[in-house]
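What follows is a pair of complexes built around chain A, which joins chain B in one and chain C in the other.
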Partner chain A sequence: MPEQQEISLSILKKRWLKFKTLKRGYYSFILLIVLYGLSWFLPVLINNRALVVSYEGDLYFPVLSGYHSGSEFAQDAPGEALYRELQASWEQSESDNWLVMPIYPYSPLEDITVKGNKMYEPPSRKHWLGSDNTGRDVFARLCYAFNISISFALVLTILNYIIGVIVGGSMGYFGGKFDLFFQRIIEIWSSLPMLFVIIIISSIIRPSFFLLIFIYTIVNWIGMTYLMRAEFYREKSKDYVAAALSMGQTNFKVMFKHILPNSMVPIITYFPFAIVGGISALVGLDYLGFGMPPPTPSWGQMLDVGLQNISKWWMVLAPVSAQFVTLIMVVFIGEAVREAFDPKVYSRLR
Partner chain B sequence: MSKNTLVEVKNLSVHFPVHGGVFSKRVASVKAVDGISFSIDRKQIVGMVGESGCGKTTVGRAMINILKYVAPDVEVGGSIEYHFGDETVDFAKLSPGAVRKYRSRVQMIFQDPYASLNPRMTVAQIISEPLQLHTDMNSKEQAERVGWLLDKVGLQAVQARRYPHEFSGGQRQRVGIARALATNPDLIICDEPVSALDVSIQAQVINLMMDLQDEFDVSYLFIAHDLSVVEHISDKIAVMYLGDMAEYGNAQDVYHTPRHPYSKALLSAVPLPDPSRKNRQRIVLKGDVPTPLNKPSGCAFRTRCPIAEPSCAKIKPIFEEHAAGHYVACPIVKK
Partner chain C sequence: MTTYFIRRILLMIPTFLGSTILIFIILQMAPGGPLEQAIQQLQAGAMQQGESVGSVGDIMGGGSSVLPKSAMRELKRFYGFDKPVYQRYLIWLGIWPRETKHREVEFKNGATEAQKNMGKGTYMTLRLDGELVQVYDKEGNISELWKASIDKEGSAENLTLATIFQTEFSGILTGNLGTSYTYDQPVTEVMAPRFKISMFFGLTGLFLSYIVCIPLGIRKALNHGSAFDFLSSVTIFVAYSIPGFALGGVLLVLFGGGTFWDVFPLGGFRSPTEVWETLTLWGQIKDQLWHAVLPVIAWSIGSFAGLTVLMKNSLLENISQDYIRTAFAKGLQEKRVIWVHAIRNSVIPIASGIGGVIGVVIAGSYLIEKVFNIDGFGKMGFQAILDRDYPITLGFLVIVVMIRLVANILSDIALASVDPRIRFK
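For the complex of A and B:
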């Protein structure tokens, strides 16, 4: 018998290979993953604290160790050391002390109170995208806000999916009274006016990252239950489920080992669009002022401030373009995923 | 009950309630199976035939106790007593948790080989699943057993790494057979295992199943609507009509001397590849099968029966022994 040339591929692997051939979506996916991965290293890439300081023979790592007062490095100023100034003065005086700054030596939080920062500075080689109404660097804020936006959308979506799959899946799988009961609960629950709930809650307590996710999850898990209920309902009547049950598999295993892998299509195809929804939701809340607490860098807050200072074009253009590019990349991914999952390609009648 | 009996089905009924109205009151019930009795001996093949919708598949599913998963409010009456060694277990009354222990003894082969194998699992995963559940084999022993089983059903051990969609219908059904045999069961319920296959493949699969029955000493409940297939392989034949058992007896008796008018009509419809018998009498039944929601009173078959009498509408016929081991539910033909 000749050696078997053909390698057996699972359906998911086939779809992944198909996804890879859809260049626009695939490259958007790679780019977004790389950018998001990089954004976790922002404190060493974009920061006003030095990476390494060599002062009087001792080594300091302010990025890791945090606050060092200016007096520690014989700087004649109150508060935290100003590393950019230190670097300039040491280079001028050709002293033996040296320090290494991050690639982009501005922090998203340092405002006009830090010496040298000015309000409404137009884009320049110093501030790539200018500075805003409190003298904060727009580019630094943009990058940090990217990390927060994507993280928010990811955590929110994954949490919603977990709850939605468990509740919707159980409804479809067990059916009967359980299904009826949860359908009514969901109908009542989904009529909650979410925006008002958030506005009321955030006017009582100051919202944080996880509180916002919690509030959004309260209502947003419902969307997934409809899809998963239908999927589980359809799949459970197929014979492979009967086969698994007749060999004594537990309900839990049947649901998550047999049915769920066959119900992944809506989960994966909706995922990019749910991310788009999550990013937009945070931007909207921040724009209205009910989102993250004020100093946190966020696109919505930048947009709000930019609109108040519409003549300073860089303050509006920067957050709008960042959102536009990010969202369109996610949509490209979503389109490619949808096409890769097109059942026409891998149907039985191939 | 002889010592050799594997399973005794007594007065089995399966009713699916129908709800309607404002408060979802129970308005009727679909009597899919309405009080049938038969038994299967060890190493015996019992064929079960009947028109579509007469409850054959429901009997099969009731016998492996999986009806409740799909229809939680189903009502199963009567008893399905299995005799495993010294133990006697009634599948109709056990809770789902208690049944699990005996699942390895009764397995099922499904009609549609495309739907009965999980498309996301390789053949090795599919066949080793019952081994994981019911044996304490390690993964190496499982892989060996899977290869051995694949060899037994006429596939190659190297094909274990493949996915179901890479096989033809006949090959998939062989995988389904291998899965059913994995735990050395006492009874395999074959729910029309060949009706989705090409005629040329049907013969291969049936011969394979008969060889395996010899080798594994397993009993089959062979559900089909092809009488010539059933006659070929069965020791006993049960004829069902609209949830009732019409006739039950040795295959030769039922096939060659049918007594119930329904069996006679069914058998006269079997195509025979013999031109000399072209002019045999053909009994054509009029009308359609009545709905199991509203079954005719008395004998369910009376609306289409060529020999029906007025009394048929009044009394439900008793399922009684007309000749040795040959049970018929028709008081008219007894006379």
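For the complex of A and C:
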């Protein structure tokens, strides 16, 4: 019925409008979306390969085409062309060749084996946040790690939600033995110290991005499952469910078409906090050395190296601040979302 | 009520068994276990000496080994891998006999009887009877203490190898957590001092966060929307957005004497023993506190934000209730309304959270222990996983699981005792 749809739309719209009025959360939301969107274009923004090279009349696009040896551009160096040096020398000799570097011309993976890089360089105009113990640029790594952290947390949370809705929903909806069985499993599962279980598993198999998400999902599905169980349990006793069933709707349809949309509030309000959990978990695992395989840029790994070189303050403060700023934005969003969805007007004492 | 808690305590048993079985299976699946590591080490040692010991046999499932068979057998027995998994689990629990004091006996050239000298003038006689070995003592009676079994792997055509051993029921249920491979000490002895260290930080952190968070939460609720509320909210957001161990790292950089201020030590539980013992009692206290400041801050930051917000919201909610209006209406003083009526109802959610906080505070601290290089309980468990020290890993996990299970019940008890309306069934 179209009329009903309009009403449900307007509730969402009302919440969205309310969310928009909560400036702190709204601007954090916009900023985070923009930053995350930008972070997918990092190879064009932060890279040591030139965007465009014009050499003897030919155009090259190293960012897209990948490896070009130095000899292709008459550079007297073994291995890959050093575009920064190339640019400097061409500018100095005022030759007709030119190239355009990305805005920040350092890659997160180039270390001291690349000419000109030094270990433990303090922040400067060249390296905004200094360089680390292998001469890699801290700022470049920080930005790439941002993309990985957010992606990790997003994929992890969505997977957890899918499992949570299916398992938890069935538990709450069907109840009975199925519910009891999974309750026992959840009880056992939640009594285990999960980070340790992950460490045990990760020490057996060196995880890649998706393997790590898989491992983490195995141990992390409980929270959402329990939330959805309670939600479905409460909703199933309501009249609209009985009405739908009496009209001959299948269980599947009742669960996902009728109950699920009515259980959206906890799903959405919990989302930002699940993201916070995912990001923190990845940092913790990377810090212990059981996260992403090296040399993947990650805040946890940077923190680990930083704490081994505690006098090089930028190596600790940079990853912690990056993580902190990201998390606080997500927390702001979460707080605003919660307020928009669940407006509680507290009476004040005075 | 009592029956409810008795049932809860009884329900701990299947949960405990379930989680230990799970841990056991995960550990058994792990390749590169202690046995394989020991073999590798021995092989590497043999290689370095430039000689291969014994025959090259195919003992460990496909891998060639330069270890003699008898050494392999002894290793397997030492790490308990001569038994199937379910037996190992039951032995570890203590409801399957554990074999100790192994000695080997050989039956040469089809002999059915062999004697084993047990020292001090005593000896045991073993009689081979088909697949069974029977042990007799000096007087010719069947020995109750000693048992024997045939070692099929070690036996050859004209040589039957038997092992003679004593059995005892000794496992986690009898309080025996085994002996650590890496420390070569009973697991309980390895754990005790480290557990105390973690408890020290955990309980101090817990205590501090409660005495800070509850008054802070109350004040924030009473001045909801004021400048104080806003400023402290900023602190809370900061605390929530920075994990304890990361904050620990920042504190170390700022106050650990790197580039900035040199106020606090870089880590450790207290000064090294040589220094510690020269200190007076007052000096020891000062030294201990001096080392504890930064870790305790990092420890308590985790619960700080959650606890304060919980206290604040809970009190706010109560203040807007009708009974508070009634209390004001009948002319009670504001102090009395808040401190006697509102606050007593507001601490209920705090009390129910105490179990979770205990679990996190005591067991969930290895990241912070690693940052501050504190030789605590969590770090020991972490290291044991890396070293494949199964007795410690298992013992550690068992204790963590137990703490969590007990903490859950504790929070129910706490909840029931502060809220007379709550009746568990």
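Heads up, the rule we're going with is that the second predicted complex is superposed on the first by the 330 of 350 C-alpha atoms of A that agree within 3 Å, B and C clash if a C-alpha of one lies under 4 Å from a C-alpha of the other, contacts with A are read in each partner's own complex, and residues count from 1 in each chain.
Heads up, the rule we're going with is that a contact is a pair of C-beta atoms (placed from the backbone, for glycine too) under 8 Å apart; a residue touches a chain by one contact, two chains touch by 3 or more.
None of the values given here were measured: they were computed from a predicted structure.
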Do chain B and chain C fit side by side on chain A after the overlay, or clash? fit
Contacts for A:310 in the overlay, against chain B (first) and chain C (second): which applies, first, second, both or neither? second
Could you say whether A:174 touches chain B, chain C, both of them, or neither, answering first, second, both or neither? first
Would you sort A:240 into first (chain B), second (chain C), both or neither based on which partner it touches? first
Hey, is it chain B or chain C that touches more of chain A? C
Compute the least Cα distance separating chain B from chain C in the superposition and give it as a whole number of Å. 10
Same chain A residues contacting chain B and chain C, which ones? 346, 348
In their shared complex, chain A is touched by residues of chain C numbered 14-16, 18-19, 22-23, 26-27, 29-32, 222, 224-225, 237-238, 240-243, 245-247, 249-250, 252-253, 256, 258-260, 266, 316-317, 319-320, 363-364, 366-367, 370-371, 381-382, 385-386, 393, 396-397, 400-401, 404-405
If you look only at chain A, which of its residues touch chain C in the complex? 184, 187-193, 195-197, 199-201, 203-204, 276, 280, 283-284, 287-288, 303, 306-307, 310-313, 316-317, 320, 323-324, 327-328, 331-332, 346-349
Give the list of chain B residues in touch with chain A in this complex. 61, 64, 66, 69-70, 72-73, 99-101, 103-104, 106-108, 110-112, 114-120, 122, 129-130, 133-134, 156, 158, 161-163, 165-166, 176, 179, 183
Any idea which chain A residues touch chain B in the complex? 1, 4, 8-12, 174-177, 236-250, 258, 261-262, 346, 348
